[in-house]
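The same chain A turns up in both complexes below, where it pairs with chain B and then with chain C.
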Partner chain A sequence: MSDADTTIKSTSVKRGFIKFFYSQAMLFILIILFVIMIFVSDNFFTLNNIYNLFRHVAILGVMACGMTLVIIGKGIDLSAAAILGLSAVSFVMIQQYGYAVSVAVAIAVGVVCGFINGYFIGKVKANFIIVTLATGILFTATSLIISEGRNLTARPLLVFSYIGSSSVFGFPVIIIFLIIIMIITGILLQKTIAGRRLYAAGLNDKAALVSGINTSNIIMGTYVLNGLICGIAAVVMTSRIPRIRVGQTAPYLFDVITIVVLGGTALTGGMGGIYKTAIGLAIFGIVNNSMAILSIPYEYQQLIKGIILILAVLYDEFNRRKRLLYQ
Partner chain B sequence: MSSNEYLLEMIDISKYFPGVQALDGVSFKLEKGQVFAIVGENGAGKSTLIKILSGSYTNDHGEIKIEGKKINIRNPFHAMQLGINTIYQETSLVPEISVAENIFLGRQPIKGGKLRWKQMFDDSQKILDDLSINLNPRSIVIDLSTAQQQLIEIAKAFSREAKIIIMDEPTSAIAEDDTENLFNIIRGIVKKGTSVIYISHRLKEIFRIAEMVTILRDGKTVTTIKVSETSEMDIVKYMVGRDIGDIFGEKTYEVSGELILEAKNIARRGFFKNISFNLKRGEILGLSGLVGAGRSEIVRSIFGLDKLDSGEILVEGQRVNIKNSTDGINKGIAFVSEDRRTESIIQGFTVRENVTILLLKEVISKIGLISTKKEARLAKKYIDEFSIKTPSMEQLVMNLSGGNQQKVALAKCLSTSPKILILDEPTKGIDVGAKKEIHTLVKELANSGIGVIMVSSELPEIIGMCHRVLVIREGKLIKEFRKEELNEEDLMQVAVGNIQSEVKNL
Partner chain C sequence: MKKITNFIIDQKLIIIIIVLIIALSVEDKSFFTVKSLASILEHATIIGIMAAGMTVLLISGSFDLSVGSVMAFTGIITIMLQKPLGLFLSVLIGLIAGTMVGVINGLLVVKGRINAFIATLGTMVIFKGFGLALTGSSPVKGTIAAYQFIGQGQVFGVDITLFYLIAIFIIVWYLLKYTKFGRNDYAIGGNILSARLSGINVNLYTLYYFVFCAFTAAVSGIILSSRVNTGNAVFGDTTNLTVIAAAVLGGTSLFGGKGGVIGTIQGVIILGLIERAMVVFNVDTNYQLLVRGIIILFVVVTDAVTSRRKKLDIEKGVMEKGA
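== the complex of A and B ==
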């Protein structure tokens, strides 16, 4: 082997390592955070706390799965938290008809909301930021109108309160639920034709169209699914925290977007996945949990979250430039 | 400056990308006031070389000297400060503003916080006159032709006191008349002491304009010679490293009489009208004409990407209503767009994902999910069948050469076993070797009974490949040429409208 060959090989190994490091940067950050917290607090690495950590972010994690689909399709759903709120309010408002009806209505509300977003964005091709900003206000207003601004309380509903707070062999059911949603959306993205088409549409909608992919339907589908997932999340949330106040879900939007972007799903579309979102969720969960353990005041918690989202966006941009460089 | 000092010296430049040695010890020297051509097949390293010179990439190895001084080009802005201006195939002008504003973009004359419009227009006029470019500085760029926009780019570069102007395939989108005009202007700026590095696939142009030529192959310099001391055949030999013989071979196959596609009076407002033609099984039908004549729009409408306003399409004698590309594919039509970068393939997908995208239904396992194993097997089949050169099927398509990207596009389209194949500029920006492979492939497809419609701006390609050629001008079908009537001159004359020929009624 000549000298030149050896140089090429060693640079390629080095490059391969750097590439691996970049692509898994968030996994390393997760591990580092985890190790730091083990040393900082004795209470951190206990089974109870780890369960707690995920129990707190489970609803966010479920919603992040839906948001991941939307962002892979080169969109974003700013109305997600409002859909969650409207579904939850509908769920409680209709509870006198029995929980089967309530669940069906809550989920149907989510789907209808998602369909409205999807129709305007996928079919009419209106700007996704403005559409979901507008529908977000619309859904919240609807919640206020139907609840007449009152705080609502859900009756204990056997099956679903079970999801919210019970455990199987000491393992919280809500975490199992989160894992199931992650597996389903993960399979949808990686192993189905629709998933492959979604990546194609997110990467390049013109090329996807030439490949016979109905991009409007695919994009519309992501919003409908996101609405569906928000509806399901609303049912689970209500079974965990039965008291509903309109507007209480608003801060969720920020957290959900942070989780997806932090994981590394590209805002430019077509790249990312549930695996990445899971890592984003774990990092977010640890930061959230650590701030609580360390008794950081609420205002400072918000400050830190804001900084994290900025860093996540910088990471997204950095990734984009890296990709352009290889083009 | 002593006489043996060069304006630009590239010494032993190397650049490595993951899996590819893009440049391997490339050297050349550029004199002041010289047109210097760089040729090579796609993937030979021309683009990488330009990107190093224009500051987008940095070289791993080697030296760049400007006027004898060693220089590290840090970024595109730095390259511009050093006097290196690059004009890419797609112009980088702002379409909505005037010529003058574009020329002075970022350095408009300002006095007391106010833009001095008059001075800017006057100065622009001076620059344009100086280069004998016949344009009004007040015109809005969007209203101008591609050729005119290119001239503005030259004026812009020149007014920035460019020492070196790099032109990447400047004639790929302009007509012959404009090419001559462009060359006159290049000759003008060279006389004024600016040097031009000229990149082109069209070897004929190199003989018209360049003084020296460097030939690249596989990232290495094959040779640098005076243009006056070489021939087109020799350059092709250097480029491909072998004799390629007759590019198109013989048209030995027969066309059976069976009609496979008929277009009757199809029209799309603002693009084309009253177009009627038919296509037979096994036939290669050419659509010729100038860029913008409506050729691409006609084939896009047949495939379903654009809507027809009137007329009807028959596939195998059946009237079809094609509303979108999915319908087109289902009716047995395959389409390869002229735009590889944004349309015919998905650049961010791997080779595997691209070739299987239309056939995913066939790799679904019993439980309804994509089977990784089956998909890999299918992808491998197409990679072998179309001899796609890629390090692995997991390589992103954007990392392949133009010729291989085109093979991926063809493999994808043909995976559905279409009856009709539509190719829009199938060999645009592709090197000689890959071109020949694609031509052979298209002929084999026609022999196997597929009807092919080929839109091409390259007359030798149209003449060498097609059984019949329709010439389109300004959205109208002007004339049909049979195989035996085909020659470059007549085709061009009809395309530009020099001959008052009868409009063919079908």
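== the complex of A and C ==
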């Protein structure tokens, strides 16, 4: 082998490595954060704390799966937290008819809400930001009207709190639930025709349209699925937090968007996936957990989360440019 | 027939305003007076001033969700600095602090190449957090009595704030119509690529528009904090939506390149009239929220439908000419 060949080979290995580094940057950040926290706090790396960490962000994680679908389709759903709230309120208000009925109603409410969003965005082609902001107000108002602004309490039946508080072989059910939802949406995105079409529609909707993909149906589908997942998240939420107050879900929206964007799913559409969202969720969970361990006041927590979001997006953009350089 | 329907579609805002005024006058006999009509604008001042700034930004095809936070943040800074720095300096620094958020937004979008939505969502949370941290989550009271004149003073029997609103709208109208600032705004919003190719410094001007939008939010922050003589971080949580709704209601497109302040003032008046109507007709607060949501949804859906119809009309016209 001549000298020139070795140089070419070594540079291509180097390139491959750099490309890998830039494409997995968030994974490295996750590992670095994890190691730092192990040194900062003795309480961090205990099984109990790790379970706690994921228990706290499980609802956000479920919602982030739906939001990932919507964002890959070059949209965003600002009504997700309101759908969660409305589903949860319906769930609690219907609970005297039994668990199965209330679960069905909660999910049905989510689907209907998602369908309203999807219809106006996918079919009518109205601006997704304003539509979902407006439907967010609508759903919040509806939950205020049906609950008459009261605080509601989920009945403390054992079945109701099963997902939220029990464990299987010491492993919390809520985390198993989260993993199952993630796997299903992941398979949907990567292994089904509809999933691949969604990537195409998000990347370039005109090209997708002329190659025979019914983009408006696909986009509508993402909002319906997101509504469905928000309905499921509402079931999970009521099992964990029995007291439901309208408006308490509002801060979830920012957190869910932060998780998806942290993972590296770009708002420009057509990129990202559940794997990335899982990493985003883990980073978010660690940050959340460490702020609690270090007892940072609530006001500063919001501030820090905002700064993290901005830095994550800036970093992602920087990476994208680098990746393009090495391609 | 087609002319009439086109006329109705083009002038739908004026028609809605007239219908609302008639409905209100029938229900409330004292409604149709100059004073009562002026009071609707007075109530809408804060939203109106921000809507003017938002219009400029929307025309360039960008977007700002942080206006509510900027408004609250400016109020807090101004009120908190009153004691050590005095009236004039505190207002000045408050305005500068609020406007700086616009610089940050602009730089994130222009230099960082971040989507305007995410960038301003981030600064929205960050500056709300700053406000909460500065005040310790409890409202701060103003100490200088003269400060209250800015937002509560009366001139010629009407609120002084009405004159700010009119002044800002005249300034923005002039800027958009007769200056490079305005022409570049439409050019960038219409087609960013051709704007760049024709030699417009797109980045610099986009930055200007973000700064201008934040400046109007800062002015609103001064007025609001002076009106209630309080700085509070929870002010303006949903203001961003109302402001954008007013501009979009007025015909400014969310996709850029279209719109103006004449439409925006009509949008502001409609929102003010609806607000008043819900009080007059004694609508429950929860239903008020519902109505507001429906109105915004209605606006954005009609915007989408009419713009698609116009596009179809143009395409049809081209085809007929071609044949």
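Keep in mind that, in the parts below, the second predicted complex is superposed on the first by the 304 of 327 C-alpha atoms of A that agree within 3 Å, B and C clash if a C-alpha of one lies under 4 Å from a C-alpha of the other, contacts with A are read in each partner's own complex, and residues count from 1 in each chain.
Note that in this section contacts are C-beta pairs under 8 Å (C-beta built on N, C-alpha and C of every residue); 3 or more make two chains touch, one makes a residue touch a chain.
Just so we're clear, the structure is a prediction, and the values are computed from it rather than from any experiment.
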Partner chain(s) touched by A:Ile310 [first = chain B, second = chain C, both, neither]: second
Touching partner for A:Gly98 - first (chain B), second (chain C), both, neither: neither
Contacts of A:Ala208 with chain B and chain C, given as first, second, both or neither: first
Touched partner set for A:Phe254, first chain B, second chain C, both or neither: second
Which superposed partner A:Val124 touches (first chain B, second chain C, both, neither): second
Touched partner set for A:Ile193, first chain B, second chain C, both or neither: first
Residues of chain A touched, compared between chain B and chain C (which is higher): C
Which of chain B and chain C A:Gly270 touches, first, second, both or neither: first
Chain B/chain C common contact set on chain A: none
Residue ranges of chain A touching chain C (in the complex, touch as defined): 76, 120, 124-127, 129-131, 133-138, 140-142, 144-145, 149, 254, 257, 261, 267-268, 297-307, 309-310, 313-314, 317
Chain B partner contacts - residues on chain A that touch it in the complex: 8, 11-12, 15-16, 19, 187, 190-193, 196-197, 199-200, 203-204, 206-214, 270-271, 323, 326-327
Parts of chain C lying in touch with chain A, wherever the complex brings them together: 63, 108, 112-115, 117-119, 121-126, 128-130, 132-133, 136-137, 241, 244-245, 248, 254-255, 286-287, 289-290, 292-294, 296-297, 299-301, 303-305, 308
Complex contacts: residues of chain B adjacent to chain A: 16-19, 21, 305, 324-326, 328-330, 335, 337, 342-349, 353, 357-358, 360-361, 364, 368-370, 396, 398-399, 412
